[in-house]
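These notes open a run of structures that come right after.
Here come two complexes built around chain A, the first alongside chain B, the second alongside chain C.
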Partner chain A sequence: MAATFFGEVVKAPCRAGTEDEEEEDEERTETPEDREVRRQLARKREVRLLRRQTKTSLEVSLLEKYPCSKFIIAVGNNAVAFLSSFVMNSGAWEEVGCAKLWNEWCRTTDTAHLSPAEAFCVFYHLKSNPSVFLCQCSCYVAEDQQYQWLEKVFGSCPKKNTQVTVLTSRHVTDYRTSESPGSLRCPFLRALKTQTLKEPPCCPLLEQPNIVHDLPAAVLSHCQVWKLPAVLYLCYTDVMKLDLVTMEAFKPVLSSRSFKGLVKNIPQSTEILKKLVTAEEIQSNIYT
Partner chain B sequence: MFVPSGESVSDLAGFTLLMPAVSVGNVGQLAIDLIISTLNMSKIGYFYTDCLVPMVGNNPYATSEENSTELSINAEVYSLPSKKLVALQLRSIFIKYKSKPFCEKLLSWVKSSNCAQVVVLSSSHSYHRNDLQLRSTPFRYLLTPSMQKSVQNKIKSLNWEEMEKSPCVPEIRDSEFCIRIPGGGITKTLYDEGYSVMTPQHLPCHGKCQVLGDYSLAVVIPLRFFDLF
Partner chain C sequence: MASRYDRAITVFSPDGHLFQVEYAQEAVKKGSTAVGIRGTNIVVLGVEKKSVAKLQDERTVRKICALDDHVCMAFAGLTADARVVINRARVECQSHKLTVEDPVTVEYITRFIATLKQKYTQSNGRRPFGISALIVGFDDDGIPRLYQTDPSGTYHAWKANAIGRSAKTVREFLEKNYTEDAIANDNEAIKLAIRALLEVVQSGGKNIELAIIRRNQPLKMFSAKEIELQVTAIEKEKEEAEKKKSKKTV
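The block that comes next holds the complex of A and B.
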């Protein structure tokens, strides 16, 4: 509870995030109809992993079905565009399957027929070396869906010889530092790695007290607990939309072992990146 | 589930488990942070669960360049064998509707690891205090029956005050009295689970709650805490 400027007492959100009393009350007063609505909503929010051709669900997790030595995951538009231009363009990649999910961030209400133009989560493997996997994830995976995603992709039998690399970006306002904000040169890269990854990352490690949330955090947590070598490269940027400068900030990762042999023509890739950004730009004018 | 971080699995039989409730002001979590760093407790594993919002960061208890790069996740277990102490630190909030399943999984782990007792550090909204509480110390405790027998004398010597019961429905004048811990997160649930002094065979199974029987639980609750936002 808090007193406003005008002296009225209002209920304000708790810093500890405890909405427990409301949740408990809801559960106590839940009718069978409420439970059914909740079950249907849970079914609608289920994460499904579908095979490319048949569009049928995979019976086991992706990494249980296919052997995987290297797994690169791009989360968010900038990381996805970077991988598209610098990695996917350099080799022949074949789509293996996709993850279909719906949550309140999705712009469509039709959960059965999410079109390719919508935010997506697609899995590819390299034709010349099918144990190298790539995931392009531009959709938002909500907190109640992150563990489902992990189960569908990684499964419950962790394979310790899979090296995982995650690329993502965050707004620089999430970055906590004692330095003055004016002195920060955006965009910049930071890394987090699991204990079993011996190779040093190609940028500084993320300093305390900064933390990472969402799908990248879920993936890294899974890798840390099950002792998989993994690294997360996080680009802090001051631009929220698809941005050339942000995407190019990921370039140092191309020299790491995770990307060895996967990148060929960098100048050509930069041109592709520019075209991607131009295609996405919409003329914004308050008068139109 | 508990996943050890090293190769060997620690034997926690007879240990005291310290844990926070994610509660108003994050008091319990801050206290556990202090305990872990002051006693220099070592990480022995993770409490890997789908009930907490995922988060990662580098070692919050770093003392040197070398140990500052160890990754930390949202629920980790630390121990100090010399004092038979084990601490569970929770660093994020519960995913909606997952607080009860978490309590069940936690208590299942407590039982299987044979911990002797559980101490929960919690907090409650200060504006819920009655006149008597406003005039007294801001610190309260609660014990489950099996704990009461073993620590009653110690509690008396410390002059701690037991958490008072308050009206279950404050708006109704002749409402029944019960233990209420507003802003206390899962504290009340953990306390209620520990209060049933029956063997598992005699408890009816309602489907939702896992029957665990009695375990020793102490809850310490500072009352003078403002929700800062």
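The block that comes next holds the complex of A and C.
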């Protein structure tokens, strides 16, 4: 590898002969130590689904254990805060379990004692209607962990009458468009849905060539494969930290069928949202 | 394509972009909102104040700075870059006064800042300044001025403008509400600035800072109490307008 004048790192040709033959030899022989390291890493990165009361692992997947007609998943700080203010404050929700996981994005190396803020996805159901489920996921679920997460939550044969709604946000610089970036009115919502969902989404569909990433993409793909009706609402924003304007951009989804009967007092929820933002404000002196 | 042409400031991409300049404009959006309004007899600068840490001295966190007795500036973006630009501008204001025995015009100092920013988009080993600035003041002829500069080094005169986070929302509000009536009166111009900021400021009046310059008068910073009074008056007007609207529909 070599660095150019402009600071790019590029692969430089080697005049000492081809390196390919040496690499192939190394790959063929895997020692027992390598296997042990791989096993330990796999154990460290395992996604565990825990019961709320006993903190023991669930033997079956979450949706196999509890019947579910509506499943709302919030991925990322802004979506989680939006659901907390508008949905969770409008009814009595009970925690049923959590998914605990560790990856390189976690700020601690101690995989045994992870705090909820760091590496949890928490699952709730509505007390008055236990078939309505909600998941708040503030942690990052790595690519290799997404399949495990889906298996542990949805199981291998998910029921086709479960309607899934996913809320997430992404930085507007990831949005590909022929318009100039300055003319985009941030934040804005885009939707992506599975074939089996008949209801039209409450915002425009995500245009090509944009794609969805990470856990929301994994959930939507899983729903498409298993023919579950699912919709993903993606908010493109220019502020990735907890932000009132971004959270309020999710408001149009409250009119969709997924949220029918779940939202009661919108003005009060807006006040709760404002308090969440002021409570979580982290001071940065770099930008003024 | 962006990945090969976005590391060095002096390299154009095949489709004519200077990515570092465009990325600098993204850095501006990370700063809190600032709004500038040019009235008939007044210029107003309003900014969203960042909430300071408990142990931080609030006095030292400033978004509105005087460049000279008759010119002041609000910025959005990288704090350290702003400090460097403001210091250079202040030195230039005094140097101009000593050399030609006249204070700078608002346009002159804006052009100086814009030229400085442009130089940093065309030099090896440097990066652009990550700030946009709103520069306001009165010239000797008594005409109020408002200019805006951005990291590319362009500058334009405006009747009203906003920079920083949610600038687009504020600009759209100003386009709808900036009328000759709205700015004829000094107090109305001040209210327009506060109303524009209230569209995007998250915690109301206590997070707003305001500065005005009137003709032949020095810069005046509003106290928290004065801003609160204005916000209360605006909220009252809003309530009355809503009552009237609901009476009409009934």
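Note that the second predicted complex is superposed on the first by the 256 of 288 C-alpha atoms of A that agree within 3 Å, B and C clash if a C-alpha of one lies under 4 Å from a C-alpha of the other, contacts with A are read in each partner's own complex, and residues count from 1 in each chain.
Simple rule for what comes next: a contact is a pair of C-beta atoms (placed from the backbone, for glycine too) under 8 Å apart; a residue touches a chain by one contact, two chains touch by 3 or more.
Source: prediction; values computed, not measured.
Colleague: Thinking of the overlay built on chain A, is A:Asp214 touched by chain B (first), by chain C (second), by both, or by neither?
Modeller: A:Asp214 sits against chain B, while chain C stays out of touch.
Colleague: Check whether A:Trp226 is in contact with chain B, with chain C, with both or with neither, and answer first, second, both or neither.
Modeller: first
Colleague: After superposition on the shared chain, which partner residues are touched by A:Glu199: those of chain B (first), chain C (second), both, or neither?
Modeller: neither
Colleague: I'd like to know which partner A:Thr173 touches here: chain B for first, chain C for second, both or neither.
Modeller: second
Colleague: Is A:Val245 contacted by the first partner chain B, the second partner chain C, both or neither?
Modeller: A:Val245 sits against chain C, while chain B stays out of touch.
Colleague: Which holds for A:Asp34: it touches chain B only (first), chain C only (second), both, or neither?
Modeller: The answer is neither, since A:Asp34 touches no partner chain.
Colleague: Counting touched residues of chain A, say whether chain B or chain C comes out ahead.
Modeller: Per-residue touch count on chain A favours B.
Colleague: After superposition on the shared chain, which partner residues are touched by A:Glu46: those of chain B (first), chain C (second), both, or neither?
Modeller: A:Glu46 sits against neither chain B nor chain C.
Colleague: Where on chain A do the contacts from chain B and from chain C line up?
Modeller: The answer is that chain A has no such residue.
Colleague: Residues of chain C touching chain A in their complex?
Modeller: Per the stated touch rule, the residues are 4, 7-8, 11, 22, 25-27, 29-32, 50-53, 56, 61, 63, 75-80, 82, 165-166, 168-169, 200, 202-203.
Colleague: Note which residues of chain B are touching chain A in the complex, please.
Modeller: Against chain A, chain B makes touches at 3, 5, 22-26, 46, 48, 50, 53-60, 62, 68-71, 73-74, 93-100, 125, 127, 182-186, 189, 227-229.
Colleague: Write out the stretch or stretches of chain A touching chain C in their complex.
Modeller: By the definition above, chain A touches chain C via 5-8, 173, 181-182, 185-186, 238-239, 244-245, 274, 277-278, 281, 283, 285-288.
Colleague: Can you check the complex and tell me which residues of chain A touch chain B?
Modeller: 1-2, 12-18, 20-21, 23-24, 27, 38, 143-144, 146-147, 192-195, 205-214, 217-218, 220-221, 224-226, 232
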